[in-house]
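I've put the structures underneath this note.
Shared chain: chain A. Partners: chain B in the first complex, chain C in the second.
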Partner chain A sequence: MRARSQPGRSIAAHAILIAYTLIALFPVWVIVINSFKSRRAIFAQPLAIPTPETWDLVGYTTVLENGDFFGYFLNSLTVTVASLFFVLLFGAMAAFALSEYRFRGNMLVGLYLALGIMIPIRLGTVAILQMMVAAGLVNTLTALILVYTAQGLPLAVFILSEFMRNVSDDLKNAGRMDGLSEYAIFFRLVLPLVRPAMATVAVFTMIPIWNDLWFPLILAPSEDTKTITLGSQVFIGQFVTNWNAVLAALSLAIVPVLILYLIFSRQLIRGITAGAVK
Partner chain B sequence: MGSLELRNVTKVFGKTEIIKGIDLSVKDGEFVVFVGPSGCGKSTLLRMIAGLEDVTSGAVVLDGQDVTAVAPAKRGIAMVFQSYALYPHLTVRDNMGLALRQAGAPRSEIAQAVGRASAMLALDPYLERRPAELSGGQRQRVAIGRAIVRTPSLFLFDEPLSNLDAALRVATRIEIARLHRELGATMIYVTHDQVEAMTLADRIVVLRAGQVEQVGRPMELYNDPANTFVAGFIGSPRMNFLKGAALGESADTVGVRPEHLAISRQGNAIPGTVSHVEKLGGETLVYVRSEVHGLLTVRLFGEQDFSVDEAVQLTPEPPRSLRFDAAGRRLR
Partner chain C sequence: MTARRPIRWHIAVFLAPAVLVYTAIMIVPLIGTLNLSLYRATETGPQFVGLGNFRTLFGDALWSDAFWNALGNNVWFFIIHMLVQNPIGILLAALLSSPRLRLAAFYRTAIFVPTVLSFVIVGFVWKLILSPLWGIAPSMLGAVGLKGLFAPWLGQEGSALTALALVSVWQFVGIPMMLIYAALLSIPDEVMEAAEMDGITGWSRFWKVQLPLILPSIGIISILTFVGNFNAFDLIYVAQGALAGPDFATDILGTFLYRTFFGFQLQIGDPNMGAAIATAMFLIILAGVCVYLFGIQTRLRRYQF
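Let's turn to the complex of A and B:
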């Protein structure tokens, strides 16, 4: 049923949404416009858009000359994409097992896996560092990927198993009658049907990983393994901060997440509203 | 080739026994219908035959071979589900062909089998569509087509028509009867619908709480039920159960079908008052409340005029009355 549109309510709703969008985008906007301005202009008129007089790409040139910025970029991308891949793969597999098969301790395993949602992984930093040292993984991207995979799995398992429970049993059984293996049922029937949920999980997993400073700083601070968030920190000094460079680095860092987000967002919207409209 | 034998099969979920030891044998080419109240285990039993649910104890025997531990796809069984369960991302053609492709059949053979099934079910115009682009009736025909393509020796149907509207249900029911004649395959069919059960079945299996109450041809169950449960379950409207003592009978309960209860305005049989009248055109159902026996149903041919609160007399036709003991067992 569709309510007759009431202009008053619809305008109010849009006004609220637009206001929220503006507030949310404001910091991003300020970062991006200031990254194109000279240092003086940043402090003189932080909200002004760049004019021919204030236009200055010194931030970007500093970033590109100083340190292996492209390398940091690649590190971030590698870590994010690999972690995302493992979170989605293992999360979906665990969710499938929990939702599809009856076995002793099913509930307990499910609860145990969900526990990670409530306990921040950073509490275990010291133990993780000791483990990584023992395994010789300090200053490798593998260390970060392992930690982020562990960090992302609880929420992924929780959300995906909820969605997978809603996939029709008859459909899976029809697949079994037709001779599909359990793997084929998982990959070819169930995964396509929970794609919106996968996209939701992907976005929720990806952004904290991309933005994380904590684990790169502790587990992989070497020049070769720096992520972009960590790499940008060289411009923030104890006494002097190179704002041009910081802003330029941040602006550049937005681009890849934005692209990944756009890829997932169409699915994401379907995921959030799934079930609302049958 | 499609005989089935269940040997004392049971199913336990957690601690509850859902199927309590069922023995049944189905001959090749037979059409057997499972009926029973909701939750009695019909679907569970069907899934056990298909191999989708493992058997807690007992054996499933197909064509003399014990298949209890055989995977569903290797049993030569096809199943049609209530919710159609078509693969949403595949076209009708691929939906129907998938099983053969999984079994590694050559392309030409798959195309031929799909063509034959689609001709049989008039699905040719829809072969390139996806399930979302079909009506409910068409989807159910595709689901049946998908079963036919594999030329199984045993078909299982789990309430295949319950999502269709009345007219489509009749048409598809006739279609299934025709398929059974043409293919000569064994079919096991679960339904809630009296008419489907009576018209399609060679034999009906009445289940209650995981046990077989009675097995027999439709008219056998209708005219000669073994107990009050079967007598009440088969036939619509339901059989009337009168108190034997009040009729001067030795039996505890006397069962009389609504059409075997005569109604008149005078006499001194069973007095009662009309509480409701349903006129269906071809027949009239009169609900009569009796002091002693409770609410009774009378089925009359044609259009009859009775008004609510009218005092009437009911007379059972003695030869058509069935007598039951206190435990509900039939006295013969």
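Let's turn to the complex of A and C:
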């Protein structure tokens, strides 16, 4: 039995949380509402919501005419989805090997892969660029997919092997009795069972890839391979005095991420708090 | 089961893709970068110079001033995160985890929103809001009668770095909040009830019961903050450009590495010196991780429930 919750304390808790929620959301709100207003209204009443008199989509038309945002978006989508696929597939396979089998060097391979959680891949950029130049992969999406796959693997292996340890041995042994190969056990029995963990890893892997500026800037800055993050950075740099265009570009960059986040937020939070229910 | 085990090829098949990609794209370039820092490009090709690049980095005033400036700024960047981001994260998590709090899911979702936005968005959004041209910040300060406090923070040498660090705090406060929240939820009800029986409630319950139990998580968020901060680049680059103005006041190791490697304005890029800086960053991060693993983590009591 918990003590009765004191109303005073609960009000204080709500006050602090509401205040911080406002701090978290206010900047995004200001950008989005102003992106729909005329230039004059942006400066005259920056905090007012757009009214019929101040409504103006000139920012959006400028953005759509001058930047290939649809192309950037497709690049980001390709890179993110492909990297995610490889991280999840390779990561789950390695996690299965590490959690299921006892073999010499198991510990060592695990530690070797875990190194990458702490040491950021960016520190190898100089040599990565030289390697990509030598392989002729500069300004290709392949270069980005390779880098992000390597970047995502350590954490994926770490989290997935924790989850795979909890898959019942009886089930796997029953599968072996029925003559399933080790591959079938992995793909048909274990993978479906760790799907929630895969979704968590997917969200964790996806956000930094989608938002990364460093590698697109260095490995794939050409017009054809720009990601949306780099594309909006360059666009805003060029149109820095055109407030309508800048605000519209920012809103266009925010909205897809926000929608994805709202769809996946339950998964993300469940993933982070998963340790809590163990 | 036969007595002599056959070679279990499937283990190799399962491990190979991850190990190969990880080794080829991450470990080899990392070693390559460390190696590159020991060479210098000459007309006849790369020449081994040992620690020569590091002698330049630390000995040549032109380089060492820039390096120490970047490192000092980076340390300040980290301190702000430790002093502001993590305490706020812990406070929010403690409030969120209080039992029977209504709307907890809404607060959690909303406060985490900035964390999923990219640095490009965050950098420009705050640049606009803090811009004296637009006047959102001064008019909001004006609304609470503090208009006089406004200054173009991002443009002033004294305040630009702190302002950017606070922007970064705004962006990432969701991460410590979530991790601590998860840790608080994992404390069994019996422990909390026992504390209540003993008459420990409210804040004293937080200080005396919950806080000691979540110390390992605080350790984890500290090292995550450390690695993230000493590897940061994007926010500064977006808000202040590669020159990390005004007058390098916001230069941190990431932007210093970028400028050195790729060049800027009249200076041409120098991969070898870039590699030397990356090596220095590697050693700093490694030192931090070691301090955490051997000095802090082993000393924190972990409680098994």
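Operating definition for what follows: the second predicted complex is superposed on the first by the 213 of 278 C-alpha atoms of A that agree within 3 Å, B and C clash if a C-alpha of one lies under 4 Å from a C-alpha of the other, contacts with A are read in each partner's own complex, and residues count from 1 in each chain.
Here is the rule we go by: a contact is a pair of C-beta atoms (placed from the backbone, for glycine too) under 8 Å apart; a residue touches a chain by one contact, two chains touch by 3 or more.
In this text the structure is predicted, and so the values were computed from the model without any measurement.
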Partner chain in contact with A:Gln238 - chain B first, chain C second, else both or neither: neither
Comparing the two partners chain B and chain C, which touches a greater set of residues in chain A: C
Contacts of A:Pro192 with chain B and chain C, given as first, second, both or neither: first
First (chain B), second (chain C), both or neither touched by A:Asp178: first
Partner chain(s) touched by A:Ser222 [first = chain B, second = chain C, both, neither]: neither
First, second, both or neither for A:Ser168, with chain B first and chain C second: first
Residue ranges of chain A touching chain C (in the complex, touch as defined): 1-3, 5, 9-10, 13-14, 16-18, 20-21, 23-25, 27-28, 30-31, 42-43, 46-47, 86, 89-91, 93-94, 96-98, 101, 103, 109, 112-113, 115-116, 118-128, 130-131, 146-147, 149-151, 153-154, 157, 181-183, 186, 207, 210-214, 218, 229-230, 232-233, 236, 243, 246-247, 250, 253-254, 257-258, 260-262, 265, 268-269, 272-278
Touching residues (chain side chain C, partner chain A) in the complex: 8, 10-11, 13-15, 17-19, 21-22, 24-33, 35-36, 88, 91-92, 95-96, 98-103, 105-121, 124-126, 128-129, 134-136, 139-140, 170, 173, 178-179, 181-183, 185-186, 193, 196, 201-202, 223, 227, 231, 233-234, 237-238, 254, 257, 261-262, 271, 274-275, 278-279, 281-282, 285-286, 289
Interfacial residue positions of chain B with respect to chain A in the complex: 47, 50-52, 71-74, 77-79, 81-89, 98-99, 102-103, 146
Chain A - residues contacting chain B, complex: 168, 170-171, 173-180, 189, 192-193
